[in-house]
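Below, chain A partners chain B and then partners chain C, in two separate complexes.
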Partner chain A sequence: MKTFAKWTAAAAVALGTASAVYAEGHGASMNVPNLSYRTGPFAATGIPIMNGQADYFAMLNARDGGIGGAMIDYEECETGYSTEKGVECYEATKADAIVTQPWSTGITLQVLPKTNVDEMPLLAPGYGFSPMADGEVFQWAFNMPGSYWDAASMILQEISGGDLSSLSGQKIVLLHLDHPYGKEPIPFYEAMAAEHGFEFLPIPVGLSEMQNQSAQWLQIRRERPDYVIMWGWGAMNAGALTEAIKTRYPMDQFIGVWWSGHNGDLEALGEDAAGYRAISYNAPNPDAPVLAAIREHVSDSQAGEGEMDWVFYQRGLVISMLLAEGITAAQAEYDTAVVSPQQLRWGLENINLTQERIDELGFTGMIAPFSTSCADHTGHSGGWMIRWDGSTFQVDSDHLMADQSAIAPLVEAAAAEYAEANAPWPTQECDG
Partner chain B sequence: MELLYKIFIAPFQDMAAAPDFLMQVLWEGLVSGVLYALIALGFVLIFRSSRIFNFAQGIMVVFAALTLVGFHAMGIPAYVSVALTLVVMFGLAVGIERVVLRPLVGQPDIILFMATIGITLFLIGSGELIFGGENKRMITEELGIPTGAFEFNPFDGLLLLEQKDVTAVIGAVALVIGLLLFLNKTRMGRAIRALGDDSQAALSVGISQRTVWVMVWFIAGVIALVTGIVWGARAGVSFALEVIAYKALPVLMLGGLESITGAIVGGLMIGMMEKLFEIYWGQPLLGGGTESWFAFVLALLVLLFRPQGLFGEKIIERV
Partner chain C sequence: MLYRTSGQFKTTYKADQALFPVRQDAILLGFILILAWAVFPLMASEFTFQALLIPVLVYALAAMGLNILTGYAGQLSLGTAAFMGVGAYACYKLITIFPGMNIVVAILLSGVFSAGVGVLFGLPSLRIKGFYLAIATLAAQFFLVWTFEEWAWLYNYNASGAIQVPNVEMFGTMVAGPLATSTTQYYLVLAIVTVMTIVCINLTRGTQGRTWKATRDMDIAAELIGINLLKSKLTAFAVSSYIVGVAGALFVFMWRGAAEPNLFSISLSFRILFIAIIGGLGSILGNYLGAILIVALPVVLNTLPHTLGIEISSATVEHLNIMIVGALIVFFLIIEPHGLARLWALIREKLIIWPFPH
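Right after this comes the complex of A and B.
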């Protein structure tokens, strides 16, 4: 009996010591899951973004000990870009999470109502449902720094030279993935076509046709559009560019959204694709100080050779930086290292990314200043047109801004329609 | 009335007004059909010899193409890479027969089908582990496949034939001829057919089921490699290639699961008809996107009248 008591006491002491050491070593942490896709038909475009996201938090943990004294526990749940798996991942990760990053417009639309109930911030940088910009209706959703309607507007601004009436009589094709993501800009383009007198023709590309788009490009050859705008993702991008080259469609009249401007897709086509452009809310900057910090502090990066210079890898960094800024704002507001989902929502609603702050974070030249508010969950940073020169993407325009006078009424109407269709839908009142 | 005009008159007026464009549509349909037929052939071959519906055929295309590109990326010359890939596909066939199929001999068809789903998941996981998920460039030029285009001007119009598409058609025809010669003129080919026709009778005359299964899975691997090269040359090599296997399903429904002729004719029919329908009816009347379902509707219509497919064997169950 004595021996048993001794062993029990020893075990208790050992357990207590181990717990203390564990707590000291691990400290406070915050769980930021990412519903990623490194497998399946869309993996090629997902991997560099996820690598960038992971590396930024790894760098903050290694260099600064996390954010404001709390380590960042970044974990991925693999969805394969499947909406069903994405919803499962959301449910599996939400218990300890302070945010959800759904990484697909289809998944975003599915979990959007759930985040209201779970009081979980939904961060969808540059994707998701464009009316999420309306913070009064979508309290928990954030699509900073730009929505799809921002992207669609900036593309029109660029091809019209800033005067959309000059597009009157022209024909514009939207080549889009036949998926909620690909259909997202259609309402905006239809409204703009009606207002400015250009012909708008959406051409869908099914999942099983992504690599064989000959029918779509035969239609483009027949229709002879003045511009083809691409809302593609994954293998669709390379498939479309290959067909465009084959059809001899002028590359300078072919423009993609920010998810269709991936170095990996273009490298396989090289000089043949030179002149192709894409709108992007982040500009590639291989000399940005944040890249040097990552090279110095992240020893186990999964990024391949040259990948850190890619637009998509750097976009992953930008996305994690935006989340980190939300956390920082919440920590300052609530005077705590570990923020709750509710506190992070406040932080994401109060991001103030000035040029000074961008420089301080090491993102000089990679993103334009913007701020969010209770009413504006997008921030509308604007972006740049980037052009493929045969070997890499180069910034090819001045900084562009979306025409909010055209977008805002559509956002307001679509948000109200969504809230009514999903009644009772909780809303919030914002001052001003 | 206007709708009837759009369905029955306007498409044919469009065809007559731009015959060069019609020729381009037919050519693109032919190329697509050849590619569909190639995928369907892999399914048919395995089904004929073992009554297994090989769910893994799509991922085998990806695995073969990634292996080829992977070997070449290691600095190995293109044709040596092809040879090494064939060795890998043979090893895969031996492994599948030994580890998956042999223990399941005599089990119901559904068990064997489920086993091929397991093979699919294994190949996806191991493929992503070894090669990563990034899009890779097919070594088209290194393999000597021309990449230019033949340009013709019929009816004062324009007809472009991509040289790699022409090569794909010629290569597919050669592969089918070789396959038919192998199945009809060699002992092993006849053994494969015998095992598919009546496995008990074939076993009783000394045909080795193990050898035949290894051989058909290897041939399916060869077809997968050819398919991977052809499709990869069009839009790169990535796991998205797996999706194209879906296009083989209506081809199999149309042509019949056990008919090589059916796979070829079914593939060509679907390739050309879905392209014609999409361009002249689908896009003007339905806004496009009909290729996703047209082939299935066509196959279902055929099944209404011939449940065994156009070239399938009529199954008579005696009770």
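Right after this comes the complex of A and C.
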């Protein structure tokens, strides 16, 4: 009985101190948390990105002593891609953080309204809610350098050869994860299908059937679509590619979004998957100077053999670079080393990533120039089609740009709808 | 010593059948209530509210609903998460169709929808028992989640297929949505959970509870002594689904703020079933103990290395966490297969006769 009482007392004390101590600061550095997922069914795709994100800040700390004299305290909070854990992590990390990186569209949707109240910038590079592009409505959210609707538009442009009316009469299947993430492109494709006269058919893949998609591919075989576009993630990508090979679906008519272009998935399939394409806002460049810098300065990288050449690892670098650019912009504007979340929001809103700046940072060829503004929180850098050649991803197209004239009205309508559903929702006025 | 019952004489039947025949129980509960109503809210940080206090209460309520059905009436159910979903979606539709509706009314009403669906899926229980019934409720689980995904009217044709909690005001304060403070939400959850608990305790120790227990222990015998099995089983399904539905509405409106259909998947059902089993089937207290073990402990364990200044990566902590919690579940079930509530009952017995164990 005594031991039991002791244990209870110890547990109670631990419970009490845990929350109190957690809120304490970490000194003069800037805390940049990341809601990572190195466990669970999506870990295979998460790990290389998280490694890239971590390594870039580790490199900046080792080489430059942080950013503008302030060290970067990069910290991970494990979510396992679970929305519940994500919200817990957001609450646990927000006290002294200057930004939140929710990963997972589900977590983004949950955290988005909270960031508005907590005044915390939300950085979701290339994921999250597409209407977040509207900076007037979504003051605190950023999804540069491209939204899902950008990706959807670029894919259509590439397969239609730049003229969407040529798709008229064709049949396009969207094989998507049945999750908020997978449903993101549907409104855009439905609008485009109505406008340009192609047939659009979404085929959902439930979270529980990611690895067994025979039913979906049977339907694809019956429908004989001209193109299959995939919005997959984690185990779903490999599952879809395996089934596509099994049903002999032509690989050059199979295109994925940027989260479906993971080297790890394709390496297992090798030559069989040659010809598969994915849109990507970052191009793989094994000779980029930033990789050399990381090899030189980061001794404890978790990246495995060859992982640094992967598209996803390099995307992690790009994502951290975008955040670092936001911090740099805020530091210059407010003339301070340690920026606050409010100052970082200004910084992220005023990123001006020119080609000179990209070269200076060592990211030559990895990302296209873009800039953000008060009204435009996405920047729309465009991207490239990357093609799997049997052993690696190669850039396969010219630089593509999304058709903003088609996307902008949808963004505006969706953003207004969101603001209305969540009224009172604070918005900001942007001049010009 | 602390629990000495000598000197507490019962002179009437009423006193003997009171909620707390032993005075110390009432004192202990009063202490816990003061902690919950006054001390925690004053001390807690935003994180404590969001990751510990509110979820424990909501999960305990959901487990309590399941416990009525499985623990008291003996009907095994694997559809808890789906019934929670019915409550959550009903509440969402009520709030969006009637924006002026009081949120408490909406939450309590949404339980009615879930109770209706629960009774519908409880009908097979009249013919099948045990594991076979579990499979029938499993059908509810898959069918309802599929409905949440496919029936776009339920989520107001939202593009991402998720429901977002709007800002809801009650008597001049924000109680739901992003603008609501955690303290307000905590008090609202606490109030509903407290009332529900009192109702459950009284329901289970009265005639209705005895009817359920008789049905659970041996349904043929129960029928022979004049218990209407149809009524007994269906009321169990109705009451259980009502509580679970209210828990689901609280889950989304007072805690999560948004939900996608996958949230109400089978894994949530299992989680709640584990809380009920580890806490103790056929007990009310057990739901709270189980929720603390399954919901709160991993969160505390996650923050421990950071608090103690040990540098291990977040992913490793997560792996360790799963192992530790798993080991604890095995440990508790070995030392007391009837759950934590039974463990507490044994401790209490020992305390009453301590220090003279004979």
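FYI, the second predicted complex is superposed on the first by the 405 of 432 C-alpha atoms of A that agree within 3 Å, B and C clash if a C-alpha of one lies under 4 Å from a C-alpha of the other, contacts with A are read in each partner's own complex, and residues count from 1 in each chain.
In the analysis below, contacts are C-beta pairs under 8 Å (C-beta built on N, C-alpha and C of every residue); 3 or more make two chains touch, one makes a residue touch a chain.
Treat the numbers as computed from the prediction; the structure is a model and nothing was measured.
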Touching A:H179, do we find chain B (first), chain C (second), both, or neither?
second
Regarding the shared-chain residue A:T39, is it in contact with chain B (first), chain C (second), both, or neither?
both
Output check: A:G162 vs chain B and chain C. Expected answer is one of first, second, both, neither. What do you get?
neither
Per-residue contact with chain A, leading partner among chain C and chain B
C
Which holds for A:L207: it touches chain B only (first), chain C only (second), both, or neither?
both
Once chain A of both complexes is superposed, is A:E78 in touch with chain B (first), chain C (second), both, or neither?
second
Examine A:A414 and indicate which partner it touches, taking first as chain B and second as chain C; both and neither are also allowed.
second
Let me test your reading of the model: by the given contact rule, A:G69 touches which partner, first (chain B), second (chain C), both or neither?
neither
Per the definitions at the top, what is the overlap between the chain A residues touching chain B and those touching chain C?
38-39, 178, 204, 207-208
Flag every residue of chain C that touches chain A in the complex, lowest number first.
43-48, 50-52, 149, 156, 159-162, 164, 166-167, 177-179, 256-258, 260, 262-263, 265, 296, 299-300, 302-304, 306-307, 313-315, 317-319, 347, 350-351, 354
In the complex, chain A residues that touch chain C:
1, 4, 11, 14-23, 36, 38-39, 75-78, 80, 83-84, 87-88, 91-92, 94-95, 105-106, 109-110, 113-114, 116-117, 129, 178-180, 183-184, 186-187, 204, 207-208, 414, 418, 421-424
Sites on chain B touched by chain A in the complex
18, 21, 24-25, 28, 31-32, 35, 124, 128, 132-137, 149, 160, 162, 231, 234-236, 238-244, 246-247, 274-275, 278-279, 283, 287-289, 291-292
The answer for chain A against chain B in the complex is residues 38-44, 46-47, 178, 202-212, 214-216, 218-219, 221-222, 234-235, 238-239, 242, 246-248, 264-265, 267-268, 304
